[in-house]
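Following are the structures in question.
In the two complexes that follow, chain A is the common piece, with chain B as its partner first and chain C second.
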Partner chain A sequence: MTTAAVSRSNGLARKPLAEILDNRNVLAFLCMLPAAALLLTFLTYPLGLGVWLGFTDTKIGRPGFFIGLENYVSLFDDSVFWLVVFNTLLYTTVATVLKFGLGLYLALLLNNHLPFKALLRAIVLLPWIVPTVLSAIAFWWIYDAQFSILSYMLEKMGLIDQYIDFLGTPNNARASLIAANVWRGIPFVAICLLAGLQTISPSLYEAAALDGATSWQRFRHVTVPMLMPILSIVLTFSVLFTFTDFQLIYAITRGGPVNSTHLMATLAFQRAIPGGQLGEGAAIATAMIPFLVAATLSSYFGLQRRKWQQGESDG
Partner chain B sequence: MATVDIRSVHKAFGPTKVIHGVDISIADEEFVVLVGPSGCGKSTLLRMIAGLEQISDGQIAIGGKVVNDVAPKDRDIAMVFQNYALYPHMTVYDNMAFSLKLRKAEKSLIDQRVRQAADILGLNPYLERYPRQLSGGQRQRVAMGRAIVRDPQVFLFDEPLSNLDAKLRVQMRTEIKALHQRLKTTSIYVTHDQVEAMTMADRIVVMHDGIVEQVGSPLELYDHPANIFVAGFIGSPAMNFYPGTLKRNGGIWVEAEDGTRLPAPGNVGGADGQKVVYGVRPEHLTLSGGSSGVQAKVDVVEPTGADTLVFSKIAGVNTCAVFSERHDFRPGQEIRLQPRLDVVHLFDAASGQHL
Partner chain C sequence: MAETTVDNKKAADSTGMAYLNTLPRRLVTLYTPLAVFMIVLLFPFYWMAVTTFKPNEELYNFRENNPFWIRNPTLANVEKLLFNTNYPDWLLNTMTVAIVATCLAIFASVLAAYAIQRLRFRGAQAIGLMIFLAYLVPPSILFIPLATIIYGMGLYDSNWALILTYPTFLIPFCTWLMMGYFKSIPYELEECALIDGATRLQILWRITLPLAVPGLISAGIFAFTLSWNEFIYALAFISSSENKTVPVGVLTQLVEGDVYHWGALMAGALFGSLPVAILYSFFVEYYVSSLTGAVKE
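Right after this comes the complex of A and B.
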């Protein structure tokens, strides 16, 4: 009798806590707490601070005051800022198109039966494994006005008769940086797309061949649609990485000549740290957010599971 | 519609030889089933006909034209794959219309052909669905539909029913057969299921380890198997085999290894003392009342409703007998089974060939 009563009262006492913990929402909240704390500390706080700084006239070594949209207003009238926006968009667009064109081509090549396939795949990954700064320095030398190996070889082949000033004129410098970015970015795109290609069942190609498709038609009607889901994910990442690129530019040209290769990220840094204008730099960095959100949103909607990937029978 | 001629075709994957010289002539409008155990090279042969594998040696001709060097897309052949290989990003309608679209057929013609095929296969309610949204049987039908709309010279089927459950398999088997009777397109059908082969084929090609063991109509193979392999492969439950020695001494019988005398028909070939294998199908064993027949010791009785399967031991060999009447033997019970002499088969033990 007594033991039964004790155990029952025990059970009653324990029930509410157990029940609360059993609740999905409570449990989910508890599990998310550590992650949320980390996110708040390391993502939201700096982001919030950055946005806040953009509304102040903070300088290095001097706390600033809230000045509203003044930084943005002055940026709006700043021709350098608009040049940099143009540079960034050009850089992102051209580099992304090239990376995807060449990366897809490379992925298709590597997906074929090649001798030394594993070795080739490892080689393709190399540019990506090398630290950015290291490859940037290498490019710096390749593009050097006097010691450029590229100019040297082209001259020896008789294609040019005087060394190319790769980094000296605005358009040359832009093209050179885009080339360097493409070189670094191709492995990521190629390997991701290769992974996508390998998930396509060979019998689909066989069925298409028997249906009368030429190899172009097989590419167009089987490869491309089947690759679309992974393609749009990789595209999003690639656009984000390229848009926010900093290391390559800063190591090779530092934005020169005459700001022609500055991107928003490098200009923000340039004004904030060497220039000391923390508030203005933060405003430039904040101005990147709408572009990034637009890129992410468009890929979010592009990424939404295509109808054929769903299993629902809603026809 | 066309004939298909396979002339001493060989196939090797690198150093591995898979097909060792196959000759088959398939007549126009014929339904031929390639059957054989797993790994014997059926799919490989079919894929060579489709052009998906190179022919290492020999020739394949479709409609009299040698196609060794013709690309798959120009062979005018439709194939139904074991995994169906439907395009996941296209609706059922588009899956079926794809080949005609590639051929730049008129829109109205495409529509007419697709709807006609959908009618035949009962796919009308599903035309706007994606393959993911279909059951296995429906996908199988779409794969068939994709083949039908093309109206090709030859249909190739690679185990199209092996992913379906038993009941659906029987139903689809009948449907495919009916479809063939209606369309009359030359068809080559690969399966490892001998019941499928028996029920569907005009002619069966029995393959084993990359060679053709025998070609013939289902009943020819059943009644006159050329060798032990075919005898054991065709027919269900499988034929019973007893190794022994042929004796011609006044009478004619086969003496099994333990001395049991198995009665043989008077007209068989083979010399006295020859090592043979004695074969009799389960359905050709009858229960004998008196002292005739061979003694058998019952192991298990399996009633299936329609038939009763009796497993016993004759001369130490596991034996299956099928009776259409019901029996209620106890395990261990001694019975006597009488082989029907007109349908007993004797094979040379060394070569395996029918005597």
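Right after this comes the complex of A and C.
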């Protein structure tokens, strides 16, 4: 550091540009510049601005004034807001549990010796690759009240007498959206967990089997502990993305019927952009941050545990 | 890295305990559930395709037609999509935005990842962690303040609004991925080049980058897919129809009041998904390695 600083101070003028560029600290600064500029302008600054906007009464086309906690106080008395918080927690919990249950099951199935394994894996990831909104439109059509193919199939099988109104009643709509979210989320969970499963040495299973462990015991005492580190990270990402989900809801129900499927993100959008109340929308978005911090912390401790298991001391 | 785990797995399979399972048992515990999964995962795509090419009289009449098949395939819906809507514009916008944003993000990420991983300046570890945290900030909480910033910059309703904001979720991911790749390249190679008198930029350009090409491809196609799929920024920052991207255009412009043109909607969904699906089919391994690599690191 000191030698670099000295040589820079007394030799800046006569040094050619290439040599200055080769200085480690100068180069590091220049290399970080594009990423830092973009992230600071369009990520860090808006993050702070969003918190600030939550304390103002900004509307579209009108700069706001500081109004303290007024937005939060009015949200606290707003029954729609509490309904939305409930919806978001319900949506996140149920969808995550189903995604992980089914995703782990699918990963375990794919971890077997299978013909066309590469093809199967490619198919599994497909729902995750295509734009969410476009597959959501397909679900919207599948859930159509009059021409639902699901109702048609169930009726043909003799399970129902009349078509199900998938998106018409609050609980049906919630269940339908959760199903669509699970459909889209399973691939991510399954492929990540499959990568984790493949790192488990088969000799562990053989040793457990020789000791007389049943297949359930092998799963419970070998697979689960070995999978825990990757599971905790995938879980964090999954919770984060489900909690802040916007696209599926906006595409299929736009929050209806009577706000029963609104999530915090869609409510923030509805109040801020079409409604024009930027301050109130920002307050709703800011209210999501505590949950996100909790999810991030659990990821951090998951990472710590992973390092400990690998016996590494540095990152 | 992904290749080796797959190979290990194959080797492990042949010596594992798989021989203990008989065929009928495998049929019940393995193939049947797997088939159910595949059918459920693929059905929406099949339904999308069938609806696209169905004439309306078959579409809305399940009694006389088998809904799972098309008797008289038609291109009417595709024609409506291509010639009566701004779909070509949306496609061009999405393509432009995705390509430019990806290039911008890769450029910034490679430099940042190289600086963090190889130049080891003071605080590199902390900055690496901050970039990981940036990945955890979802667009849902950023779009409102970003909308005011974009408006203030005069970029509202233009491609630049998206090109400049997409890197906020692309750079953290790509940097994290490239850091992993750079880490796997032996440091000795760079030391040799340093001794031979190469500058650090020459080393990055001539030694490190060529070795990190698989990582670049992974990051590139992943970033392209993420940009293609992005929705909330495109919805909030773009207002005129001809400037929209495919996901936003299909959802907001093809629904007229209460009349849903399901055929055209499905055609839009199908043709908006195809480019990424085709790209994906060529690079499956890269997708899997970038997806799992990002989680593992």
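What we mean here is this: the second predicted complex is superposed on the first by the 266 of 315 C-alpha atoms of A that agree within 3 Å, B and C clash if a C-alpha of one lies under 4 Å from a C-alpha of the other, contacts with A are read in each partner's own complex, and residues count from 1 in each chain.
FYI, a contact is a pair of C-beta atoms (placed from the backbone, for glycine too) under 8 Å apart; a residue touches a chain by one contact, two chains touch by 3 or more.
If you're wondering where the values come from, they're calculated on a predicted model, not measured in any experiment.
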- Item | Contacts of A:209 with chain B and chain C, given as first, second, both or neither | both
- Item | Broader residue contact with chain A after superposition on the shared chain, chain B or chain C | C
- Message: Tell me the contact category for A:217 with respect to chain B and chain C: first, second, both or neither.
- Response: first
- May I ask you to decide whether A:292 touches chain B, chain C, both, or neither, giving the answer as first, second, both or neither? second
- Message: I'd like to know which partner A:55 touches here: chain B for first, chain C for second, both or neither.
- Response: neither
- Shared contact residues on chain A - chain B and chain C: 201, 206, 209, 315
- Task: Can you check the complex and tell me which residues of chain A touch chain C?
- Result: 1, 18, 21-22, 24-25, 27-36, 38-39, 41-47, 49-50, 53, 58, 105-106, 109-110, 112-114, 118, 120-127, 129-135, 137-139, 141-142, 144, 147, 149, 152, 183, 186-188, 191-192, 195, 198-199, 201-202, 205-206, 209, 230, 233-234, 237, 240-241, 244-247, 250-251, 264-265, 268-269, 272-273, 278, 281-282, 285-286, 288-289, 292, 295-296, 299, 315
- chain A partner, complex, touching residues on chain C are 2, 5-6, 8-9, 12-18, 26, 30, 33-34, 37-38, 40-42, 44-45, 47-48, 51, 59-60, 62, 67, 104, 107-109, 111-112, 114-116, 119-122, 124-125, 127-128, 131, 133-134, 136-149, 164-165, 167-168, 171-172, 175, 199-201, 225, 228-229, 231-232, 235-236, 246-248, 250-251, 262, 265-266, 268-269, 272-273, 276-277, 280-281, 284, 287-288, 291-292, 295-296
- What residues on chain B touch chain A, complex-wise? 50-52, 71-73, 75, 77-79, 81, 83, 85-90, 98-99, 102-103, 128-133, 146, 150
- Report the residues of chain A in contact with chain B in the complex, numbered from low to high. 201, 203-204, 206-214, 217, 221-222, 225-226, 228, 306-313, 315
